[in-house]
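You will see chain A twice below: alongside chain B first, and alongside chain C after that.
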Partner chain A sequence: MSRIPAGIKIGVLFCAGIGLYLITAWAVLAGLLALAVALLLWMREPARRLARPVGGLLIIITVVVIMTGLTIGWQPGVIAGLRLTTLCLLAYAITLSTPFAQFLELFERVLAPTARIGLNPARISLALSLTVRFIPTLRATYDQIREAQYARGLHRSPLALLVPLIIRALQSAEQISEAIDARAYDTTPNRGAK
Partner chain B sequence: MAIGPVVLSAVSVVRDERTVLADIDLTLDDRRIAIIGLNGSGKSTLVRLLNGLLLPTSGEVRVGELVTGRDDKRIRRLVGFVFQNPENQIVMPIVADDLRFGARNLGLARAETEARIAAVLAGLGLGRLADRESHSLSGGEKQLVALAAVLVMQPELIIFDEPTTMLDLVNRRRLQQAIDGLEQRAVLVTHDLELAARYQRVIVLHDGRVIKDSGPDEAIASYRDLCDQVVRR
Partner chain C sequence: MTATSVERASSTRNTVLIAVFAALIAAMGLIPPITLGIIPVPITLQTLGVMVAGALLGPVRGMLSAVIVVVLSLLGLPILSGGRGGLGVLVGPTGGYLIGWIPGALVTGLIVKYWAIRRSSPAMRYVAVTVAAIVGGIVVIYAIGVPWTSVVSGLPLRTSAIGSLTFVPGDLIKAVITAIVAVTVHRSYRGLLR
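On to the complex of A and B.
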């Protein structure tokens, strides 16, 4: 699956997203969910790595099913749950089988026409990758600050958390920008196109 | 392309009305140079001048025939930079993608990029990390990946700004071994005198000025004297 170009995989995901919402028979949807599970297992990722994201996803979808069940009805709730779970597992399998760089290249290609209206796809693409890269780092910084504030007895002070978090994020941003410059980054849209 | 010496001529840097570097004249052409000094002595500022990350307030920095401020893009292809905190140097979520980032900035073809990445990771014993998520690496692994990302670009001179500060002894030694094995010239900013002692030339900075520029024994002795004086004050 990793050999399939990212564009095709995203295209399939897009079609699956539409297709799933055209199917109303729960038995067919259950079959498709089984296929999505099989696809994810085919990735041969360690169960430990899959457990956290899939577990989190199932909690959210369970809430959606319950809310839909209580407000609209249990059959639509179950059908919505089957569709969402199938689509998310399919998206997750695609994510696992596609190097992030391929996503970025695709993203840049898709955004290439925006260069005509003055946007810079290379810069947008880099911003996207930096966002993904630094979410865990920001989370770790948040945890460190929270621990430090707890140690000082500041248990319920959002300001005591947010102010240092923002300052540290800005300091990091400056260092990251310097590191990007040091690695000869050029924001012209067709840099390195070979 | 051999870049020749890096020459700083009458370089001063003033920030917020404070003189960070004052009238520095240096020719950096040795294979291994260490720069030592107290906190705030201007070490990091000095090395940021060498690849145009920072421009002097007055004076000129030449990298061979190239001049910072005018030829920065070309200079950054020749002069790599490894920062103190690798966390902020690794910009891609996956290790191999981070190495591709620099190669892509050079405009390398895909096959050449992949060959360089494989060779660099193997050379540093990091092959197993290629598909790992950057944030999940240990501090030592991150610093080695940061070095790998620079090596993929095949610079001729590599600047290290306190690269061992955040590392334990084992990772410090691993990084030092990696630096020792480099073909490239290296300029290293460090507080680690044991490390500086292995370098052929050591420059001591204090209050933005070069107070000693010699072999390691003499320079380190001079730095120890300076530390004694400051503590006694």
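On to the complex of A and C.
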């Protein structure tokens, strides 16, 4: 499944999203759900990695089914639950079988024509990859600040955690943009981008 | 510096700021929820990140930060609270709350930039930014999230709205925290909104 191009998989998901809402027979929906479960199992993902996201999904869907059951009736509730679970598992299987880099590539290809309407794909790529790089850095900064505030007895105050975190994030933003400019990493178009 | 290199420097700075705040929103999904001293409910911080991004960076850049987080999470990075991510989130019942972050940050930013931060008395400024965070970070996000849940799951709009009320108290606290953080940071980082 991982060999199928990401674009086609997203197209399939989109069609499945519309198709599932056209089917109203619960037996057919249950069959499709079994199919989606089989697809997910076929990918041989370790159960540990599946447990958290799928568990969270099932809790939300159970709540929806119970609320629908109590307000409009149990049959529509079960049908909605089957549809949602199938669609989410399918989407999850697609996400798992596609490496992040492949999605990013697809995204950049889709964005490429936007250069004509004044957007700048090179800068969007830069922002996306900077973000991915920053997440662990900020997480580490947060842990440092939390330890420091714990020592001061301030670990229960969200402000004592957030304000320094944001100030440090702003400072590193300044440093990094200076570093980018110092290296003449130019994302402005018509000037040999990159 | 020539005019173009000044221009380039500021556009690099904007790109990096957008990325840093996107990473901040994402990192807030990874850090364990902060429990406030008296209130036993742990609040997850991602919508706080969205409100703060709008309030600190202004409408356009704040919104772009939210766009990056939404895009990265849909591409499969497990950066939403509870380690969720992937296309399944979008087709699931809570997808609207995620999409709502984008206009949510925009509206928060608009109100802060053009009204809230211009109040003359400091006390008034806190109140005004809180109002901005409530309108952008709660009203706008719920206005998309509530109907989304009912469309995806077939739940009546009223039930979906009543169900969402559970999260309002936590979100109100986040709006207040946003105001204190934003006013404090704006005081030490003037010209952030420009």
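Following the convention adopted for this analysis, the second predicted complex is superposed on the first by the 121 of 194 C-alpha atoms of A that agree within 3 Å, B and C clash if a C-alpha of one lies under 4 Å from a C-alpha of the other, contacts with A are read in each partner's own complex, and residues count from 1 in each chain.
Just so we're on the same page, contacts are C-beta pairs under 8 Å (C-beta built on N, C-alpha and C of every residue); 3 or more make two chains touch, one makes a residue touch a chain.
The model shown is predicted, which means the values in this text are computed figures rather than measured ones.
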item	value
Which superposed partner A:100 touches (first chain B, second chain C, both, neither)	both
Which superposed partner A:182 touches (first chain B, second chain C, both, neither)	first
First (chain B), second (chain C), both or neither touched by A:132	both
Touch count on chain A, higher of chain B and chain C	C
Partner chain in contact with A:89 - chain B first, chain C second, else both or neither	second
Partner chain(s) touched by A:149 [first = chain B, second = chain C, both, neither]	neither
Chain B versus chain C as contact partner of A:172, first or second or both or neither	both
Interface residues of chain A shared between complexes with chain B and chain C	100, 104, 126, 130, 132-133, 137, 172, 176, 180-181, 185-186
Interface residues, chain B side, partner chain A - complex	48, 51, 53, 73, 76-77, 80-81, 83, 85, 87-94, 96-97, 100-102, 104-110, 133-136, 149-150, 153
Chain A - residues contacting chain C, complex	10, 13, 17, 52-53, 56-57, 60-61, 63-64, 67-68, 71-72, 76, 79-80, 84, 87-92, 94-96, 98, 100, 103-104, 107, 123, 126-128, 130-135, 137-139, 142, 156-159, 161-163, 165-167, 169-170, 172-174, 176-177, 180-181, 185-188
For the chain C and chain A complex, residues of the former touching the latter	4-5, 8-9, 11-13, 15-24, 26-27, 30-31, 34-37, 52, 56, 64, 68-69, 71-72, 75-79, 82-88, 90-94, 149, 152-156, 159, 163, 177, 180-181, 184-185, 188-189, 192
Contacting residues of chain A [partner chain B, same complex]	99-101, 104, 126, 129-130, 132-133, 136-137, 140, 172, 175-176, 178-186, 191-194
